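Across the two complexes that follow, chain A remains constant while its partner is chain B and subsequently chain C.
Up next is the complex of A and B:
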């Protein structure tokens, strides 16, 4: 990239804004605003700056509905909302997917609509950290906040996560480089280990890279657990890693004063899925017999954790919650978006602040070509190519205030900095309108009739 | 108005040490991984998904230079990636994380989606990583996002033949719709 002169032509600086990109939720950004647009961002990483200074060419500006010839056409808000509400009200098995890039306030409206219409509510965790959430239910959740990591941690392990590419400020702001209360020398007081089959950009910045083989994570963690329990390894090489290296690593981990394991999609997307995380959590438990250790999933979107916390609080389940029977139900492999789509069950798909077109496998997306898709988003993306109704929302943290949850579960209020385009609406308003319109169209809640095991006996 | 620039035509990749020759293999059997990198993330979240930039950031297969030499491809040549779940044409480029002979990496996005596995094994999460694939050299072009979505899902075209849809007139790098544009609001 060529040299970029600093931006000096701006009207005002809005300080201490929160980044609406990844689970780091950096809350120290300064926006440089001119004529109601953010023209530059200070302190943000490449990803955050890029998102906040969005591409206006592809901004969804007006509500749209597919015309007869298959082209999207501008309509007024009433028509668009009525069309969408009709699709939802008529459906038998609607799925409301997304929510991770909108505010918790908006989810509140969504859950009411979902409960009324008997929908499945799911978020991006289903394709990223879903296995982590399952493992947390299996094995526990030894978590700590990122502040503790900054002030105390002297050993940082990234496993199956490339923080330098997907959470670029994570190392700089929370884990590796910052000076903390007990880690006055910053980077020099910490040991950084990256476990990844790939020699990733994070591995390049680490003291140690453990390049276990593809799908070898489960075996490798088991080997560490065995050594922690005082067993001797019978194989010379486990998952591509020599036994003596494992002994050495375990010794280092035991001697850390405060260690933290950050894990990413490298663990959840490979074959053993949630069992990888199970074993990682159990390894952290074993390590706690010797020293203080914790772990944190590297959550991708700024509010993906928020949806899981919100749903767990409201319904008892973190994601993939099915309301179709009138009570909440959650069954792995059954009430999750990908499985539902692959089985071709849904007959209406509402996607809010998410992009299944860009992130679902072909086998799941094929069903979206057969059913009505309603999109609430801020940018024209691959999902818009499959959408029948498009409702332009507003940008949380820039054009609209809202609450989000950081990857460690700390809620952060994201403030508004500029006004949204006049033809757009807040996500919260859109979902509330949809809810009210659906309730008018369908006066009774859409849930299965009460199940009576033996009708004759009643 | 002067905006700070976050745009980039193509991801920065290293030069290949040896000039591409004919290659020794027609088809390579590899392990396919997908995931995000910073170029793909920056472009996707800015919203520039219709642009050439997204095609280059997301529709690129990062390979080990030895694998590239075996196939006889240079940076930004096109390759055809096939799995049990589908096939897609993507760019080839030298991986920044090489060496990883026998493993290829495609950033997540509509291109990777056509070849990854939707199998969740009852765990909610499709298998995005560790899918067996074959890679071969091709003359076909990498499709832009809108064209690719039309080619794969055919939701709003009557045509059902893959080859015909692939060669239809491109939908271009700007949204196609009837209605007010951003400029009209000012």
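Up next is the complex of A and C:
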């Protein structure tokens, strides 16, 4: 890593800003602003800083609509919004996907539009912590705040998560290194364990690495539960881990004063999916017979948790909420974006603050290429190549204010630091405008799919 | 007896939701009632006659006197027989999600493959599938701890993940192979698998019986070998063969029983000392 001299040429410092990158939502950042641009960020990790100091070369500046020649053409806002509203108003199976990198205030407008039109509202949880949310619905949620972790935890377990790479300040700000009220010596007062098939960067920082084999999570957790219940293990090696190591680990976990299990996609997306999390939650419940334990999912985007909390509050379901029958439904394999796209059901796709073009499997993206795609985002990406209408939004936490939820469910207000480009609009304004235009269009005859009264319901 | 035949005209890309077209609701319907009926498709409703040629023959005074026959590819027709309590449904082709989910009586036969969620939370009746099924056959819906409570599901092909999840009654018979975690969290009832099982059947089960006639990939640590039994009688049914009987899941203080064929799973016996524990890879057992 080459030496980068500190930035000294700036106009002002905007203090106590909130990072708009990962689920840590670090709210102690200082932005160094010059000529209306963030030129440096203090206290942030390299991931957060590089996102906040955005690359204007890739910035979506003006609204665009794909023309007859197949190229995106710059248009005015009215034309772009009317085109997008027409696609939505005429659709039979619309899907509104994304929301994890925008504000909760914007989601409020989105849910109204989704409910009005009968859409499926889904977010990135469908490809990340969806199994965690399903498990939580079944088994409960023994969570604690990151403040409690900092002040109390003496045993930290990362399972299927490489926090050093994905959430670089997590260990430094919340879990491992900070000095807390009851952990005055910081790192020296804590035991850190990483459970991961790979010897990750987090494992290198840990006191103990449990390198169980891939897809062996469920069997491994089951063995821990069996030992916690006082059973003697019959197999010498469980999921690649010697039985004596499991006894030793369980003893350490039982003797911890306050333990926390942080888990990532390495646990949610192996073979047993939600049942991995289910058994992890049950294990935490078992551990609470001996000590105080909690768990927290390592959420990726800064407001992915916000969407799930907001949707669960408003509709009863955390993600993949289907309004098509006029009431809310959720079913894994049926109302989740990937399943819908692979089944080629959606006929209109609104993507806001997400990049399915980069993250979805090929089968799903193939269908996106066949249907109208409306993109609300700040950066040009693979999804822009699939989009038929591009609506340039604004950067929450930098160019406009909004509310987000940290990975532990704590809401954090993200303040505005600089003005957005003149031709861009707030996400909240864009979705509200779309909603009003769709409502207006649906009132006109021959726009909405023809509704036929249902004698069975009468 | 009334026979209603649905000949598929075209396979719609967006799934039709047929939860309103079950014997309980349509036993008194005539052809003109179907002409007026609009089926939910996405956020709209469209005339059912756009998708099916419907023929009604005979009369019925109750749902039990109704026989519905679907001819053609119903791979985009969801909720066939959902919540039905009586009558008979025959699908001559594939069926989509939720076939026979929450049914309490009657009979459904599918001469093809079924998508996921077949027979979820059913409380009675019979569901027979001559092809394969995907995930969550006879399972519980997310957030619910009680899956299938009664009746019988027979799958002549393979079954996907978490077959019989949270089973609290009834009988599931899979004649082919079964993917991971069959009978997870089950509390009662019987799961019978003639083929191979990928791994971890009966995870966190509290009670009930699972019998596997094929090869088992991996067993969870929470199962304790009890004895070798010959021709065991389980829930009044005698099963031919010699089986290793386990009790589990001990991690949950479970009292369930898992029987696996002793000959095909000799390596699982506590006396077995061959360390070359080959297990069935997911690739060998992947469905469809």
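Criterion: the second predicted complex is superposed on the first by the 443 of 458 C-alpha atoms of A that agree within 3 Å, B and C clash if a C-alpha of one lies under 4 Å from a C-alpha of the other, contacts with A are read in each partner's own complex, and residues count from 1 in each chain.
Everything below uses one rule, namely that contacts are C-beta pairs under 8 Å (C-beta built on N, C-alpha and C of every residue); 3 or more make two chains touch, one makes a residue touch a chain.
Computed from a prediction, not measured in an experiment: that's the story for all the values here.
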Original post:
In the superposed arrangement, which partner chain does A:312 touch: chain B (first), chain C (second), both, or neither?
Top reply: neither
Subject >> Superposed model, chain A: greater residue contact from chain B or chain C >> reply: B
Original post:
When the two structures are overlaid on chain A, which partner does A:134 contact: first (chain B), second (chain C), both, or neither?
Top reply: both
**OP:** Figure out whether A:234 sits in contact with chain B (first) or chain C (second), or with both, or with neither.
**Re:** second
Original post:
In the superposed arrangement, does A:271 touch chain B (first), chain C (second), both or neither?
Top reply: both
Original post:
Just chain B (first), just chain C (second), both, or neither: which does A:364 touch?
Top reply: first
Original post:
Of the two partner chains, chain B (first) and chain C (second), which one does A:332 touch, if any: first, second, both, or neither?
Top reply: both
Original post:
Of the two partner chains, chain B (first) and chain C (second), which one does A:282 touch, if any: first, second, both, or neither?
Top reply: second
Original post:
With the two structures laid over each other on chain A, which partner does A:223 touch: chain B (first), chain C (second), both, or neither?
Top reply: second
Original post:
Touching chain B and also chain C: which chain A residues?
Top reply: 134, 215, 271, 274, 332-333
Subject >> Complex contact set, residues of chain A against chain C >> reply: 91-94, 117-119, 134, 137-138, 215, 218-219, 222-223, 225-226, 228-229, 231, 233-235, 238, 271-272, 274-275, 278-279, 282, 323-325, 330-334, 343-345, 347, 448-457
Original post:
Quick one: in the complex, what on chain C touches chain A?
Top reply: 13-15, 17, 20, 25-26, 33, 36-38, 40-47, 76, 78, 97, 115-117, 134-136, 141-143, 145, 162, 180-181, 184, 199-200, 203-204, 218, 220-222, 224-225, 249-253, 270, 282
**OP:** Show which residues of chain B lie in contact with chain A when the two form their complex.
**Re:** 1-6, 8, 31, 33, 35-38, 41-51, 85-86, 96-100, 103, 105, 108-110, 113-118, 120-130, 145-146, 149-150, 152-157, 174-182, 185
Subject >> In the complex, chain A residues that touch chain B >> reply: 1, 4, 7, 9, 21, 34-35, 37, 39-41, 46-47, 49-51, 53-59, 61-62, 64, 66-67, 70-74, 126-128, 130-131, 134, 162, 164-166, 168, 197-201, 214-215, 265-266, 268-271, 273-274, 319-320, 332-333, 336, 338-339, 342, 355, 357-366, 368-369, 378-382, 384-386, 421-423
